[in-house]
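Sharing a structure here in C-alpha cells format.
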Amino acid sequence: MAGSTYGKHFQITTWGESHGKGIGVVVDGCPAGLALCENDIQEYLDRRKPGKSKYSTQRQEGDKVEILSGVFEGRTTGTPISLIVFNEDQRSRDYGDIASYYRPGHADYTFDEKYGFRDYRGGGRSSGRETIGRVAGGAIAIKILNELGISLLTYSRAIGPVTIPQTANDLLSAWERHNIYRSLHEIQELILGNPLYMPDKESSKKAREYLDECMKHTDSAGGIVEGIITGVPAGIGEPVFDKLDANLAKAIFSIGAVKGFEIGDGFAAATAKGTENNDNFCINNGQITTATNHAGGILGGISSGAPIIFRAAFKPTPSVASTQQTVNKSGEEISISIHGRHDPIIVPRAVVVVECMAALTLVDLLLENMGAKMEDLKKRYSCT
Amino acid sequence: MAGSTYGKHFQITTWGESHGKGIGVVVDGCPAGLALCENDIQEYLDRRKPGKSKYSTQRQEGDKVEILSGVFEGRTTGTPISLIVFNEDQRSRDYGDIASYYRPGHADYTFDEKYGFRDYRGGGRSSGRETIGRVAGGAIAIKILNELGISLLTYSRAIGPVTIPQTANDLLSAWERHNIYRSLHEIQELILGNPLYMPDKESSKKAREYLDECMKHTDSAGGIVEGIITGVPAGIGEPVFDKLDANLAKAIFSIGAVKGFEIGDGFAAATAKGTENNDNFCINNGQITTATNHAGGILGGISSGAPIIFRAAFKPTPSVASTQQTVNKSGEEISISIHGRHDPIIVPRAVVVVECMAALTLVDLLLENMGAKMEDLKKRYSCT
Amino acid sequence: MAGSTYGKHFQITTWGESHGKGIGVVVDGCPAGLALCENDIQEYLDRRKPGKSKYSTQRQEGDKVEILSGVFEGRTTGTPISLIVFNEDQRSRDYGDIASYYRPGHADYTFDEKYGFRDYRGGGRSSGRETIGRVAGGAIAIKILNELGISLLTYSRAIGPVTIPQTANDLLSAWERHNIYRSLHEIQELILGNPLYMPDKESSKKAREYLDECMKHTDSAGGIVEGIITGVPAGIGEPVFDKLDANLAKAIFSIGAVKGFEIGDGFAAATAKGTENNDNFCINNGQITTATNHAGGILGGISSGAPIIFRAAFKPTPSVASTQQTVNKSGEEISISIHGRHDPIIVPRAVVVVECMAALTLVDLLLENMGAKMEDLKKRYSCT
Amino acid sequence: MAGSTYGKHFQITTWGESHGKGIGVVVDGCPAGLALCENDIQEYLDRRKPGKSKYSTQRQEGDKVEILSGVFEGRTTGTPISLIVFNEDQRSRDYGDIASYYRPGHADYTFDEKYGFRDYRGGGRSSGRETIGRVAGGAIAIKILNELGISLLTYSRAIGPVTIPQTANDLLSAWERHNIYRSLHEIQELILGNPLYMPDKESSKKAREYLDECMKHTDSAGGIVEGIITGVPAGIGEPVFDKLDANLAKAIFSIGAVKGFEIGDGFAAATAKGTENNDNFCINNGQITTATNHAGGILGGISSGAPIIFRAAFKPTPSVASTQQTVNKSGEEISISIHGRHDPIIVPRAVVVVECMAALTLVDLLLENMGAKMEDLKKRYSCT
C-alpha cells in the first residue's frame, strides 16, 4: 500500500500521475542550513526533460519546479521541502482505447489486478513522469553530497548492442591522468553535450545509427546506465540488510524499466577466480587503498573509500507503433498498434534518474552513519 | 546503525557473530495459526550446512535450531518467534594474525573504518554464518507461501564459467510437459541430490572439473544462482519504491558476496528491441496470461501472475590460500596466505539463502497487499 | 530529522509553514475504490477554520483544499493522494521583533537550538496551521472508518476549570436511551452548533463566561478534548509496542499544546482498587461484552469491541497580550507583549484535529491487522 | 502484526512469553565502543525482579541476563546485541481453568479475538514478564545517556490515593540546594532503599498502610510513576510527529497497565491561564533558561534544556482473589476467583520499566538529531 516513500533519514515521498494536476515530492529530513533555490533543482529536471534530441519524445513539457515549503531566506530550515511541477501539454484526447485493453510491457494489467481499476491516462502513476519527484528530491541530495566533497557521474554505457569499450575504471584513470578526476561534474557537462550521454564518440555514433534503424522499423531500444561516485568516506552502509549495495540495488531497481543491477565487476565476477577478483590492499600517499577495484568500492556492504561503480540495465521502451497482440478487458484477443509521442529509447533520459536515486541512497546512509561510534555522540553533544 | 531488521510486516531481526555464543533471528509479524515445529526450519538450515561435499568447507557445524517463543501447541501465536542456533566447533586458536591485517575481498577494513574496531574471530558479523538467521526466518516464510499455493525453486545456474544451457523458462516448460510443474519442491529435492545443485547433469560434471582445478591451484570460484517462483497471484508489489523487483533486489543484494541481480531477461533485455522484449497478452484456459515471459513475471513492479524469475551473481570466495598482498593495521604492506577450512565456492550453499530471502520478501508484500482495495477491508471486517 | 510522516500503512506526510506558499499532505496507502471528492475533506477543514466565534482568532483563512493526485473518476486509485491548501491572508508586516526574541511557551527557542535558525513568520512550521495537513488526511481516514461502521465523536470536555459533569459513558448511555447511539456523527452535528463544542448547555454557558473574563484580562485558557469511538471490531492493536492505546497516545501527543493523554478512566484508575477498576465480562444479546467500561475499550493494547474513550489536555494559548519577561537573541532580558489576532483558547478548534489523529491511527491499525491469522491470508488469496 | 520493535535508530525487538523458554531482546543500532558487561544490565533487571518486599509477588525469578552477541572484549561492536533471560520457576500446574475463561482486566479475550487462540500460561505474551526485554535494552540506553551527562530518575509519585506532596520541581530544587542535583543516580539509590520507591517518608508510610488494607481485602492498587531527566541538550525531538513528548507518550503507554501520561504540568495545564502556564525565558549564569518549568522541558516537541518531567498512571493489578463475574469460551457467565502469587501493586516494579522506556526514546532521538544541521555532517565527515 504505502510504497511512495524512500529513505529513512533523508526521506522522499513522491506523488502524481502523468495526466493529473501535477507531480511532486516532499523531501523530509534535509539538514538545515543548505543553500537551496529552484534553479539548483531545475538543472536536474532539465536533464530528464524530453524533446532535446530526436531520440526522445517530442512532447513539450516545461517541468518548472516550485519550492512550496522548507526553505527560508535561501536556506533549508530542516522542515519538509515540498516541490511541485504542474502538468502541462495534456492533450484532450480520447483515451477510450487505451482504457479498454492491456498494452504489452506496460503495467496496465497489473494495476487493474491490484487496485481493481486504474487511471489510464498516459500510464497514470506508472508513467515515466513519476520520476520527476525522484529527480527533484535527488537534486537536493546531490547538492548535499557535493558540499561533502562527493561527486557523482552517470552516463550511457550501452545503447542496445552498442557498448563503450572502456570500463569505468579506465575512464577514471584517463580523467585522473588529465587532472580532471576531482570534478566529475565537469565531465558530466561534457558528456551531456552528446545527445545520448555516451562518454565515447565512436560508440555514440554507432548507437545513433542503431537507433535510427530502430525508429525506421517503429521499434525501440534498451541499454545500460553506468554510475561512478567518488569521495565517499569509508564506513558508509549498514550491515546486514541496509548495506550500501543492497540499498542502491533497491533504489535503482525501483525505477521503471530497470531489469538488472550490478556493482563493480557484477555478473563478470561470477566467472572470475578469487585471486583475480580480490582487490589487494596497498598504501598510496600514506593512505590505505586497493590496487584494483573489482569490488566497485563496497566490501561487506560498507564503502571502502574507493570509487563506487554500478550499472543498471534498462529494457527497451514498451510503447512501439508495430502491431502487437494483446487482450482487452472483455477477455478478447486483439491486435493493437500504439501511436503517440513515445521515446524510442529512455536510457539517455534515465541517466539523471539513476544519478538521483544513487544520491538519495547515499545521503540517507551518510545520515544513518552519524552515530556509529560512541565518540561520535560525545563529540556531537560536547561531552568531555 | 540499525540495519539488522528486514521486512515491514513479516519482519526478521537477525543477530550473532561467527564465534560468539550463537546466531539467531526474531521473526515478528508471522500470522497466527501456522503449524510450525523445529523440523520445518531444520530442513532449510541443513541445506546451507557445510561439509556435505568436498566443495564446501569441512568445518562441522551442527546448526541445530531451537524455537524459544511464539509457538504454542504446535502453532504460531502471532507473537514474535525467537530462533537460536548455538555456535559449536569454535576451535580455540590464535587469531592474532587475522586481527592485525586486512584480508583482501573481506570486510575487515570497512568494519574497522566504520566502528573503530571489530570482532575479528572468523569474520565476526560479516561471516557467512550470519545467513543462518535469514534461513531460519525464511523457512517460516516458505511454509506460509506453500500454504498459499506458492512454490519456490532455486539452483545453481552457473559455477564459474560453466552455465547450464537451459533458460528458466525452458526448465519450466520441460517440467510442465512432464506434469511436474506444480511441485517445484519435488524438483528441488531432485536437484539437491546433485552436490552443486545444478539442474543439468552435463554442466554439473563440467563444473566439478572446473572446481577441482581451482582447488588444485588453491583458488576459488563464483557463480550464479537462479530462482523461480510460481503461483504468485497478480497484484503483489507496491509502486513506486516497494516494487516487488526492487524489494527482491535489496533482499538478494544484502547477502554477502552478491555482485549482481536481474529479473527475467535482465541485462539481456538491454540489447533486445521492444518488439522482441514485450510479452504479448493472450488468453489461456480462459485466463489472461502472457505468451512469453521476458519480464520475469513483474510489470510496473507488480506481479503479473506469470512465474517470477531472477538471478544473482556471486563473487568467488575471497579466502584463498594463495599468497596475496595486503596492508596491516600499522600501515605496512605485507604478504599473506589464508589457511583454514574455507569453501572453494559458496554458490551451492548460497542457493537456500537466496530462496529464503526471496520468500521473506514475497510474504512481506503479500501482507502489505491485504488491504489494497476498500472491498478487502469490508470483507475482512464483515461490513455489508 | 524525518519526522513529518505518520502511519505505517495509511501514511500521511505533512509539509508547510504558516506563512509559506501553502500547507499540504500526501496520503499514501489509501485503499483503492473509496469514493472521494474535495467536499468530503473540506467539511473537516471548515471545522478547524478560525473566525467562527469570538473565541477564535479573527484571521480570515479560506483554507480551500485541492486534490492534486490519487483520485480518478471520483474514486481513490490506491496511489498517493496529494492535498494542498494555499496560504492566504499573509499580511505583509514587519516580523523583525518576533525574529529577534523567544516568545514564552512557543517553540522559537527550541527551533533555533535545533536547526540554527528558524522561519519566524507566524510560527513557521510550529504554527497551528500545520494541523491542516493532519485534518485533510484525517478526513479521508474518517470516511474509511464510516464505511466500516465505525463512528468517532469528539468534543470539549473542559474549558479552563469548567468541566461537563457527565462522563463519556454517561453520554453514550443517554444517547443510547434516545436511540441515537449509532449515529455519533449526528450528535457531532448537534454539538457543533455550540460555539465551544461542549455537549452540555449549562457548562457551555459557564465556559463562555470564563473565557470572556480571560479575554478581558488579555489572558488565555486551556481545556480538555474527549473522544469516543464506537463500532471498532475487537482485535485491533499490535502488542507490544504498537498497541492501540500507545499509538493513540503518540498521535494525539504530537498535536501542539497537548500536555496529557488518558484512556478510559485514565489517571483516576491510579486511585481505584482492582475490584472497582476491572470490567467484568458478561453476555449481552448473545455477544461477549463488559458490564462497565473503565478500560476505555482497550485491553492489553488491543480493542475489545467496547467504545474507545480517551481524553487530551491542552495547555492555554501561549500568545497573550499581557506583558511577559523573556530573552532576545543577543542574550538580553527584555519585556514583551504579543499583539495580533490570536485564539484566546484553541480547544474548540483542536477538537477536529484530535478526531482526525485518532482516525488516522485506527485506520493504520485496521490495515496492520488484516493478516493477523493464516486464515485471513488464505481467504484473501483464495486458497482452499 | 509486527509490533515488537521500538525505535528507529536505537532499536529494540523483544520476544518471549511468561512460560516459554525465555524472554529476550535484540538491541540494534547501539553505537560501537560502549563498555558493556552483563552486570551493567543485571542491575536494572534486579530492580524489576519480584519478591523484594511483601508488596510484590513472592514468585522467585532469577532473571539472570546473558549477552549472546554484539559485545567483544568488553565493548559494543556496533552489531546487534542479543540478550536473553531463561525462564525458571515455571510450576507445572493445571492451566485448564485460565485457558477456558476470560479474566476481567486482562488481555485474554482480546488476544483470542485477534489471533484466534492464545498461549494462556501465565498471561503468555501479555504477562508483565514481557518487560524484561524492555529493561535489558533500556539499561544499555541508560548507560549511553550517562556517558553523555544525562541522568534519569524515576519513582512512585502516588500509590493508590496516597500522593507525595512535593512536585518534581520541588524535589529538584531541594536536591539542588543539597548539592546533589547532578547525581540523580545517587538519589535513585536512596529511593530504592524504600520498598515502594517513594521519595517521601511520610507518604511511603501511609501508602504501606493503604496497601496492607488492600491486601487484607484481597484487592489491589494502582498509582503514578514520575520521571525526571536532566542534562538533555536543547534541540532533541523531531517535529511534527516524532516529537520528544509524542514518542515518550507512546513508549510509556506501551507498558501494560498504563492508562494516562502527562508532561510537565500535564492535565493541570488545562485549567491554568496562559500567563500562569508560560515559562518566561531568563539568563542564568550566562545561559538561556526558563524561570519556571510548567512545560516539563519540552517546547514544540523539542527539548529546551530544562529538566524533562513526566508522569504515568497505572491501573490496579487486575488479578485479585476476590470473586468476579466473567464469561467462559463457551459463552456462559461464570464466577471466578484468581489465586496465585500476584503483585498487589505493580507500581514499584514498574518504576524501572518507565525509566528504561524513557531512556530508549531519548537515545533514539539523540541519534536522530545527529545530522540536523549541514554543519553537523561537515564536521562528522571532515569537510572544510
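Details
Labels for the chains are A, B, C and D, by order of writing; each one numbers its residues from 1.
As a convention for this text, a contact is a pair of C-beta atoms (placed from the backbone, for glycine too) under 8 Å apart; a residue touches a chain by one contact, two chains touch by 3 or more.
A quick note: this is a predicted structure, and the numbers were derived from the prediction, not measured.
Counting the residue numbers used at the interface between subunit C and subunit D, over half appear in both copies, so the two copies meet with largely the same residues.
The chain with its Cα centre farthest from the Cα centre of subunit A is D. Centres computed as Cα averages put subunit C at a distance of 26 Å from subunit D.
Remark: subunit A and subunit C have CA centroids separated by 39 Å (rounded to whole angstrom). Contacts with at least two other chains are made by residues 1-5, 8-9, 14, 31-33, 78-79, 114-116, 125, 239, 367-368, 371-373, 375 of subunit A. Of all residues in subunit A, only 1-5, 7-11, 13-17, 20-24, 26, 28-33, 66, 68-70, 72, 75, 77-82, 84, 114-119, 124-125, 367 touch subunit C in the complex they form. Listed in rising order, the residues of subunit D touching subunit C in the complex are 1-6, 14, 102, 104-107, 109-111, 113-116, 125-126, 130, 158, 160-161, 214, 219-224, 234-243, 245-254, 256, 258-267, 269-283, 286, 288, 290-291, 294-296, 298-305, 313-320, 322, 324-327, 331-333, 368-369, 371-373, 375. Of all the residues in subunit C, the ones that touch subunit B in their complex are 8-9, 31-34, 76, 78-79, 144, 147-149, 233, 239, 366-368, 370-381, 383.
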